[in-house]
Structures are given as C-alpha cells and as structure tokens.
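In the two complexes below, chain A is the common chain; its partner is chain B in one and chain C in the other.
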Partner chain A sequence: MYSALRAFRENLRQLPSNFWATVRRRGPLKSDRSRSQAVFSNLFLHIHSVKTHKHSLKVSYTMGLGLFAAAFLGIVTVTGILLMVYYKPTPDQAYASIKEIHYIVPTGRMIRNLHRWSAHGMVVVVFLHMARVFYTGSYRRPREFNWFVGILLLALTLALSFTGYLLPWDQLAYWAITIGVNIASSPRELTDALGLTQHFDPGGMIRRLLLGANSVGAEALIRFHLLHVMVLPIFLFTLLGVHFWRIRKDGGLSRPETPDTAEPEGFFAKNPDKTYGLMAVVRGRSEAVGKGPENTVSSWPTLFITEMAILMAATALVLALSLAFDAPLKEIANPAVPENPAKAPWYFLGLQELVSYSAFMGGIGIPIIVLIGLILIPYLDREKGGVGIWFGGKEGARVALTSFVFSMVVVIGLLAFVINFGWLRQWFPAIPQILITFINPGTVYSLVFALWSLWVIRRHNSTRMGAIALFTCFLVGYIILTYVGTVHRGPNWDFYWSKADWPTH
Partner chain B sequence: MTDKLTRRDIGSKIAFGSFWTAIATASVGVAKLLMPTVTPEASTRVKLGHPEQFPAGTSKVFPNRNLFVFSDDEGIWAISAICTHLGCVVSRLPDGQFDCPCHGSKFNASGETFSGPAPRGLDWLAIYRAPNGVLYADTASQVPSGTVWRRA
Partner chain C sequence: MTLLFLLVAAARENYFTEWRSTQREFRSLLLSKAENESDVKSARSFNVEIRQAVIPDLASIDRCVSCHLGVDDPRMADVPQPFTTHPGAYLEDHDLDRFGCTVCHLGQGQATTRLEAHALSEEVYWDWPVLTGPWTQATCGTCHDPTHLTDRGAPLLGLGLAAFQANGCLGCHKLGGRGGTLGPALDQVGDKTSHSLPFDHVEGDRQVWTWHQQHLLSPQTVVPDSTMPAVEGDAKTRHALTIYLLSLRTTNLTESLTPFDRYQRRYRIWHTEPLSGAELYEQFCQACHEDGTETVFHDSLDVTIPGIMHPDFLATATVEFLVENLRLGRAGTPMTAWAEDSGGLTDDELERIAEYLLESRTEVREVTFEPVADPDVENGRLLFENECIDCHELNADDGEAPWLGSPGFQATYSDPLMGHTIKFGRRDSLMIGYGEEEDGDFTDRQVSDLVAYIRTLR
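Our next item is the complex of A and B:
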C-alpha cells in the first residue's frame, strides 16, 4: 500500500541528488549530445559553442592571449571590489585609506598588489592579443567589426588603468594625472596659436569635464573614481559581451580555409567499394553540403580545461609577482612640488616621450592618428586569403622582418639624433609655436612609416603587405619609445643611461 | 516612382523627429550637469604684503601658491610657477632662469621660453592694491608679459 510517509522519507533521502538534477537538467556526460547540452543549457557556458575547432585550441595559434586578458580582467574585478570596501575617494582620506589597506587590512596588501599586477598584465596581453589577431590576418572579412570592438576595448583598458592611477592620491598619482589632464586639454595649444581660444576652447572643456575644476582636487578624485569603478567598467563589460558574441556570430576563431587538421581521418571511405542509397536531398547553399564534419571536439571538457588552465596560470603569475613586488606608494600628493621626473604609467611613457617635444601632437594628434589607422586597417586591406596563417605566409613574414629592421633603424636613429642635438627650438629659437606643435619627432616617424608602407604596397602589389609593414613599424616605435621613456629618462626628462647616473640634488 | 509625401509619411517623420529631439535634449541636460559653473576651489587671490616688503632688486617665492614675485625701482611683478606645457611647477635657478622638471622646458628670467616644448612663456599675473595698502596677485588673471605694478 502507498505510504505517503515512506515516500516523504524517500524524497528526503534523495533531496540532494534530485536538487542537483533540477539544476543541471541533463544526463551524465557520456555522449556528445549530453556534452552539448551541458554547454547550451547553461547560462554561464552558453556563450561558448558546443563544439570547438581543433585549430582554435592550438597553443601556437592563439597562445591563449584573449583568455589571459579575460582572466586578468576577472582578477582585477574581484580585487577591485574588495579594495572598494576600504577605499575612500576624498583627498583627505584617500591616501590614508590606501595606507590602511597596505598596512592594516588583513590581506589588503596582497589584494592591492594583485589588483595592480593583473591590471599591468591585462595591458600587456591586450597588446599582444591585438598583435596576434593582426599578424594572423584575423581582422578580415567577416571579422572587421570585431577588430573595431577590440580597438575600443584596448582604449577602455588604457582608460581604466589611467583613471585608477589617481586614486592612491600620492605624488606619483597627482602629477601623472596633472600631466595627463593637461595633455587632454592641449588642443588649447592649437586654438591659442590660431587665436581662437576665447571663442572656442575644446581643451578647456575637456579639462573642466575631467576635473570638475581648474586643477586636480576633490572633484577630480570623485570623477576619476566614478569613471574607474562604474562608468568605464560598464562600457568595458558591455563591449566585451559584444566582442565574445561576435566571435560566435563571425564563425568562431579565424582559421585557415584548409587547416592542417581539416577532416577527421577515415570519415570518407577511401576507394569505396559499395554503393550508397540516396537518403535525402539537402537543399540550399549551406557550406556543409558535400563536406565531412569539421574537425571539432566537444567544448566540454576540452575547451573548459584550457580556460581553467589559463585562469590558473594567470592567477599564479600575478600571485608570484605580488609576493615579490609591492605596489608602490609615494608621499602624499603635494600640489606645490612636482615629482622629478613625473612619469605616467609605463605604457604611456612612449607618448610622454613624444609629449616632451610638443603636447598636442605627441599626446593627442599621433594617438588619434594611430587609433584611426588601426580601426581602418580591415577596411583598407580587403584582400582575401591568408587568414589564420601567421603573417599570411612567408612573404608576409619577410615584410614583417624587413619592416622591423627598418623601423628599428629609423626610430633609434632619429631619437639618438634628437637626444644629442636637440629639436627645433634649440636650433631656431624664434620659430613659430605652430611649427613646434606640429613638427614632433612622432610626426616624422608617422610620415616615414606611411611612406614605407606605401612603398611596400607598390613593391609587393598587396595591401596586406602594406598593412603588415605599417603595423610593425608603429609597434616597434611604440616599444622603443616606451623603453626609452621608462628606462632612460630621468630628472628634467634628461637622458641617462641608467638610474644610477641620476643627479642626487 | 513618385516622391509624393503621404499624410502617413509626414506623421512618421514627425514621430521620429520628436523622438530624436527628445534624445538630443536629454543628452544636453546630462552634459550640462557634468560641466560645473562654480568650482569649489581656494580663492585665486594671493596676499603678497605691503609694497615696502618688496625692496627693489629682491624676489620672493610663494611656494604653496606657485608664484614668484620680483621687484625693482620701477615696481613689482608676479610670474606664475606653473609650466605652460603640462602644468608642472618650475623651479628658479640662481641665475634667474626657470626650469621645468617634467619635460625640460626652460624659461629666461622674464619667463620667456627658450628651450623645450612649452608653447608660451610663463604667465605674468595681475597685481593690485587693496584700499588698506596691501598688494594682492590674482593667479586666475593673466597680464601681458612686462606688466609691472608701479610704485607711486
């Protein structure tokens, strides 16, 4: 006889397994079908494809750089929220609250170090990821728009790092932000030269918008804090969603048309000695008609193991760095005495090197030209073929190598010349300011690189080769200028071979 | 194809037009909030002292207000210590020259730039005398280079 009491007892006994079954809503992972279901019936996993192409899992292809960026983003998000528990964004308390986090809050120092190191890590891998996508030709049809989204994500990553730089309210922060905001308002240099500032002052508007005042103070700290913890992350995560979504919609990661892992062995019988009956007529122009299945594996578990491994590697790396190196904290901000030298975060020191010749061109003009150039690449190079192959083949690798050597010579040559012999104002003291503003060594670099790229297009009769040449030149320029700004610039932005040579007051 | 504008077309144009007008108006409102009209900053007026405190040929630094004050027989003048390049604070060398620590701009004793990236010379600031005889400088009010407050 049915006993409700017994059924109740049995239900109670099976409660954990029944509950878990309602969560998963799938059978054991023994078939491809259930492995597929595991992915697409799960809110958190369904951004993945249920099948992953073997080529996309090749370490030598992606090097996991996009995943590393996402892993670092995860770490900065978690540690950032933890830091917000104690951080107070007012000039009176900001510095003290960072000290509190550093010296008193349990694990506070570690969390702050992790935040800093994974932010740096994110900047590095985002750049490398961009280079990987570029050199494998992955920006081409149909992925042009996702390249554009990626460039926006790069800009947001840098903006997030920059806004975070002010928050400790120490000398480094205060002067880096003073310089940064003055760079942002340097269009005034241009309007001044044209005599327009009284009527139209975009530089001043940007300044007031960023600072909420005329100098870096309480209003600026609130604004930067708000941008750092709310506004920019909202944009970043939204665009990241678009970025991931477009990967799927654009057909997964780029790969060669005939990847070396094209068809699974033995799918089509060799020398068939049987006749086959016609089972169905497949209509339409689907790419799959007449082809074997692609060489894919179930995302569960292969892809997820890869992702977990990369998250662990990223975490291990920043943990090691955080144990070894503390995030710096200088004296409290002092508006009367600038740091000497006052340096921005390292990834902006290449720009700071250019800014030291003229603020507008170095800090606004050239970065905008580079950003627009990057965005336009997929629309100016519309050649097909070579997608998913490093440098698009041997010819591209050669162009990249010659461009590397060429730009090394140009960048180091001009920089050494400028450091030894000075720049325009030293030679022509009465030179009009408008020439100083526009004729920056960076302008010379950009022109030389553009001409070089046009020459490569003509010589190789290929826009792709021109793009490789241009991208390589700018990458080399960025790296060398950043290196010189970081290592070789000392007090008064003078050149020193090493920090040991800096004058000691 | 005729380009006849039907009543329905006009209606939808008005509808879309009002939608975008509403969006634009709201955006202007949002943007206006972000642009402060009053900035919560310390007064830009710096109290310098009585003219007798500035004998001819002397100079004085007001470090917390980023200001240098000079004087000669003719009068007294004030030069801002904020570099016109990117806002660092210049220091004054014994020979009277000003050096910026951030990007190496150099200015001569009267604030004119002669080296480095600074787009213009250091700002000269307005000096005025209050009714009680005390001199003030205004860091927000620039005067042409060479403008001197004349001793009576």
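Our next item is the complex of A and C:
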C-alpha cells in the first residue's frame, strides 16, 4: 500500500534526470541515430539537415560569410532591442537619449558600439557573401530563386542600415539622410528636363513618402524609426526564413557534382581485375558505417561547432572594434548649418559619386539597372558546369582577373580624367541637362562594362564568362567609387588627397 | 577571446572611469580635511556614484557635480579645481537643485568625462563649450537685465552694453525690432555656434568668443567683404562687447525660473524709457554720420555720408522735413528708413532726433527760389551731364555725392528746395552754389530745367 509513496519518492529522486531527458529527447550522442535525433527533434536546430556535406564545411569554400552575416544580424537584433529601451524617437529627445545611452546607461556605450559595428559588418559581409555565391556559380539551377531572395535581403540590409542612420538625430545623421533622400528623389532631374515635374513628380512623391514632409523632421524620424525597428525587420526575418528554407529544399549548399559519387578516399582499395556489386544489406558494423555514402558527416557536432565558432568570432570582432572605436555622434541636428561635405552613409557613397554626375542616373537609373541585372543573372546564364567551384575553374578565374584589371583601368582612368578635366557641363556650360543625364561617367561605365561582357561572351563562347566579367566590373566599380566618395571627396564634393588638405571652416 | 574583451569592457566601465577616480580623490580630501568625529563619519560614508542635477524645466541633466564635488562646501575655497568652492554669492540666488550648472556655464551637462563635459576641444562634438571666469557673465545677460547687474556680479556685461550703445551698433543692426538694416539683426547672435561662423581668417582657438573679439577688432580681416567699421575701444571693450553679444541668446524659461528683471527688460524693449534726441543720435545715427557737421567718406561702407548738421542744410530744414527724411531714409543707399515698421523708431523719437539736429542750427533761411512754369527737361539733362554727373552719378552705389534718384530724396525735397540748394549750394563743401555770381552763372531758368530733369531720376 505504500508502493505509490515509494514510487513518488523514486520519481522525486529521478526528477532532474527525467526532466533533462525530456528536454533532450534522445540518447547519448554515440550513434548517428542519436546525433540525427539531436537535430531533427529540436525546433531550433531542425532547419539543418542531420548530415552535412564535407565540401560545405570547407573554410576556403564559403568562408562562413553567410553565417557571419547571420551572426551580425543576431548581435544587431539583441543590441537593437536593448537600445530601444532608452531611445526616444522624437527630435526633442532623440539626441539626448543617445547621449544618455553613451554616458550613463550601464553598458549602453558598448551596446550602441556593438550595434553600429555589427550593422556595418553585416553590410560588408552580405556583399562578400553575394560575391562568394556568384563566383562559385551557386545561383545556378535550382537556386535561382534563392539568389533572388538573397538580392532582396541585400536591399533590406541596406535599407535597415540607412533607416537606422537617422535615429541619433545628430548632424551626421541629419545631413546623410537629407542627401540619401535627395538621391531617392532624383527622378526629378529627368522630369524637370522633360518639363513634366508639374504634372508628374515621382521624385517628389518618394521624398514625401519617406519624409512625410519636404525636409527631414519629426515625421521623418518617426517613419524611419518605425521602418527600422518593425517593418523592415519583419520583412528581413521572413525572407531570411525563406532563404534558409530554400537552402534545405535546394539540396544544401552548392557543391561540385563529381566528388559526391566518388568513393571516399582510403575506404576501399579497388582491384582493377574484379567487378563489384552490392550483394546484401547487413545489420551491424559494416565497412560503410561511419563513412557516409555521400561524403557527409553528422551535423551534430561538426556543423554546430563551426556555427558557434563563427558566432564567437563575429562577436569577438565587433567587441574589439567597439572597445577601440566609439560610434560617432556629432552635434545635434541643425537644419540651419549644413555639413560640408554632407555625405550619405558610406555604402551609398559610390552612388553619391554617380549622383554628382547625374542625379537621376546615379540615384535611380544605374542602381535599378544593377539591381535588375543582379536578379536576372541566373536566368541569363543557364549553363550547367562549374557549380561549387570558385570561378567555375581556371578559365573563369582568368576572366575574373582580366576583368578586374580592365575595370580598374577604366574606372580609375575615367575618374582621374573627370577630376582633372571636368565633364560636359564644364566644357559647354549651356548644354541641356537631359544630355548630361544620359551621357555622364556613370552611364559611360555602364556601357563600357556591358560591351566588355558581351565581348567576353563572344570570345569565350560562354554566358557564364560574360556574367563573371560583368559582375567583376560592377564590384570593382562599386568599391572604387565608394572608396573615392569616402576618402577623397571633401567640401563641395571636390577631390582632395586627404582630409588634411580640406580648406578650413 | 570574446570573454576577454567582455572583461575589458566591464573593467573599463566599472572601474577605470575618470569620475570614479576623481571621487575617490575627493573622499581622501574629505578625510584629510576632517576636523571632528562627524566629519570623518560623513567622509567615510561618501559614496562613489554619479551625482547630477536634473532640471526638467530647463531640459537639463547636469553631471558636473560628479567631479566638481566641493562647489557648495565652503571648506574647499583653497582647494584647486575640480573641487573648489563656487566663488561669489551666485549659488545663494541660484540654488543648484533648481538651476543646475549648464544654465549659466553651458558645456555638456550629460557628459561624464572632463574633456567632453567642457567641450572646448574641437574633437568633442558639442555646440556649447563651457563658459568660465568672466565669460560666464554672458549667460547672466540671457535672463537678466544687464543694467541691473553692473554691481551684482556681471560688471563686464554692463560695460558691453554701454559699448554697444556708444558704438552706435543699432545704426546698422536691429535688436528687438529697432535698428538699421545694413547688418544682420543681433537678437540671436549668441545662438551662433562655431560652425555657423567663418573661421578661415581667425587665429587661435576655434571658439565663438575668439571670433567675435577678432571680428570687432578688424571686421574685414575676419570677413573680407564686410562693410562693418572696426569697434572703437581697447581689448577690454571688445571683451565686454563680446560678452554682451554672447548674452543675446534664446531661452525658454518657465515662469518659476524667470527673474523679475527679465520682465523689466522685455518691457523696456517695447516701452523704451524715453531717450533724449542726443542719446538717440548716438545710438542710431552717429556710427555713420559721426558728428554730422561735415560730409564724410565712410571707408568700410565705401560711400559718402552727408553732413546732416551742415549749417546750410539746417538753415532751410524744418522738424517735419527732417522727420520725413528719417522716416523714409534713402532706399538704395546705406541710409535706413527709420519709420516704426522698418527701423523701429517711433514718430516721437524721430521728432526728438530732428529737434536735436535743429539745436545746432545757426541761421534760418527762407526758401525763396521759385521754379519757372515751363522748364525744359532736355536742357536740364544736358546741364546735369555737364556739371553734376561727376559727383551725383545715376546709380545708387557709384556717386561720391548723394544719389538723387533715391525715393526718399524725391519725396522730401520740393522743387523750390531743390532749386534753392542748387542755386546756393553748401558752403565749405564740394557742392557750390551754381546760381550765385561768384561760383556759377546758372540762371533761374536753367536751375528750373535741372530740377525738372532731376525729378525724372529713379
């Protein structure tokens, strides 16, 4: 009659281990089966497959760039939520609340620094990730759609970073956003030139939609805040879910086709005089156990160790940066005192450089062409070979290298020419703006690069080579223009070798 | 490694902060100053923690007292900064808990390091660097009436106001709606930050007070195309005047923090205590017209300024004539229209200026000239181009002599007065009497032709 009591006592004694067992829901991690269970019985891990191809774990293949981006996103999310505790999105209070976060909120300064550095890190890494995916041909069938999702994620990342830029409400923020919004409202240049602005003003519409007014003010701040902390994150995380899910559905990370079917090395020495066939499936240990037929290893623990390592590395990196460099905070926003030069966030400075030639082309025309071009790559290059190999092999590497040299020469050459000799407006002051809209260094770059890639397609008789050529040119152009815009452009967007040469005031 | 970085961050924030070591230093200072049991006890209980004055009415959070720990402790009078007792009796009238620090001293109250709180370095991005010593008097004037403070802690501020009036700054600059229109209004000149002033030609620190002092000394050095004359006076005058200029800031004081004399000052701006004609002349006219007896060439304005107390000018003038001239001014020239809706002077005040000018009149002459009935404008033009155009040019800014197309001139000079002036001229000046036998030989008819032509000038 006391057996129930005894059982109760026994249950109490076993409570910790039973509880832990229900949390783990698997046996000790000694067999592939329990390792698999560790993955698929766990809500947070089951987005991974239980087996991971060895090729996917090669550092030299992915460089962990996607994971770095995800790690930065994680840091940015956590620190962002913490910042929201103290941040007040009104013009009267925003700046002071950032000051409070910097000076007095416990760990506030670190958290804000981490937020900033991982946001910048995310932008950089997302770009690199895109370059990796491109150069390894991983946008090919069946991954075309995921490439598209990735491009959207890139755009969302930039949008998130841009909307966050305004929130500190300092001079840097205010004028960067003013410039950014001017870039966005650049269709005006075209409609002005065509005399349409009075009837049809898409530039003005974008501007008022973004700002809720004609200039940056309280309405803009609340909009940017809403976009930054709610709207864009919802889109980003949703699309990120799709992005991850598509990786699984598309068969994991891309990899070369050949090694999968090859026998694992050292597993079975083949005798050329014999023929081989599968005779029977046997229980228990066999030669194949632990050798995974497709050169895979259990995700647990190999993949998760890698992921944790990357998370740790990313954290350590932004921690070090945050210790060394504070996130900038200039004087409070003052609409009466323009910053000169007023610069957009750095990743838009390439665009700002193009905008300095033609607002419409730099702000809308070329970015849209580039964006559409990027999205269409998988549909215009439908060749099959070379997936999962950097540059798809030697020929691709050579094309990438020559394109790199070619575009370096073109970009730096034309840039130096424009800086030294000016452009149409300086030579023919009375020239109509519409001509400059269509003939300016930005469009010249686009045209030269397009012709170059067509020539490469013809020469190598391969659309893939053309794509590599074009993408390389785009990347070089983006990096050099961004660099010049960041480092060498001073007051009035004039060229200076260094900031020390800027005129005083 | 990650953990190590986190540890470093934690140590940096929780131990190696400037204000913590300052407060530890203060604690040992307290112990060394302790004279009895209770002093020791209170020194022991001194906690290392952020101290701040939060003033919602001023939207300020001042953490200055986290380091300036001795401001209200009389024992610290001889201790060097940051622990010195606040000098003077200022804190008696301005309770720290009600006013905080930055309302007077500016600086960045939220900051917790010396460098960033004082914000004197260009590396610190803060618009309002700390005011120390005499400069602090500037903010006294932001709330108080400067004239009340000359013997109550802000002597330089009052001196600055006096210099402002003695230099006739209002002749070109508006303040409270009164003053000339040549220069910018000065109502919020103290709100200007170092970013809104051109520092290209300023030597020394990039601070607003450096700018003002050098600009007052030599306006054209600091702003090359400026037309402002240099301020008369020594370095102390410029110092005081700069303090006064910096006091002209906007503040939004709540009722409870507003001192009584702020209302008085407001009231005085709108309901000026009657100024005498001489005082008005000093403040509004003298900067350009000097003592008024002679026609002078003004260097920085690059223009000839008529002697408005010339005996021949005053001889035919009446109060009404002068008031009308002052009201209308000389559009197109530096002469401001002083009517209430532009220069801001009331008709009463203009009348007093006119009466003041007429005080120095030595003789009265009737205007006897009578123009002929049918003047020949074309002949007038020929005469003008032969005799007058060298000095009275047709454009407003060119002539050495007054521009005759000015609407103010056209409206106030009647035909007879104009003829009279041409005929008799101004003695001892370049304007000779063209109708007088010894100087010229214009007949009354020719003078009438000239008058008719001058009427057509615009």
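Quick notes on this structure:
As a working rule, the second predicted complex is superposed on the first by the 473 of 505 C-alpha atoms of A that agree within 3 Å, B and C clash if a C-alpha of one lies under 4 Å from a C-alpha of the other, contacts with A are read in each partner's own complex, and residues count from 1 in each chain.
By definition in this document, a residue touches a chain if its C-beta (ideal position, glycine included) is under 8 Å from a C-beta of that chain, and two chains touch if they have at least 3 such contacts.
Since the structure is predicted, the reported quantities are computational estimates derived from the model, not experimental observations.
Shared-chain residue A:Y357: touches chain B; no touch with chain C.
In the superposition on chain A, contact of A:P202 is made with neither chain B nor chain C. In the superposed model, A:G252 lies in contact with neither chain B nor chain C. Between chain B and chain C, the partner in contact with more residues of chain A is B. By the touch criterion defined above, A:G74 lies against neither chain B nor chain C after alignment on the C-alpha atoms of chain A.
Look at A:M312: by the touch rule set out above, it reaches chain C but stays clear of chain B. Shared-chain residue A:D192: touches chain B; no touch with chain C. Once the two complexes are laid over each other on the shared chain, residue contacts for A:V337 go to chain B and to chain C alike.
Comparing the two interfaces of chain A, the one with chain B and the one with chain C have residues 336-337 in common. Chain A meets chain B in the complex at residues 175, 178-179, 181-183, 186, 189, 192-193, 205, 208-209, 212-215, 217-219, 335-342, 352, 355-359, 422, 425-426, 429, 433, 436-437, 491-494.
By the touch criterion given at the top, residues 92, 96, 99-100, 103-104, 106-107, 109-110, 170-171, 312, 315-316, 319-320, 322-323, 328-332, 334, 336-337, 503-505 of chain A touch chain C in their complex. Contact residues of chain C toward chain A in the complex are 1-2, 5-6, 8-9, 12-13, 50, 59, 61, 63, 108, 110-112, 116, 125-127, 193, 195-196, 198-200.
Those residues of chain B that touch chain A in the shared complex are 34-36, 39-41, 63-64, 66, 85-89, 99-104, 113-117, 119-120, 140.
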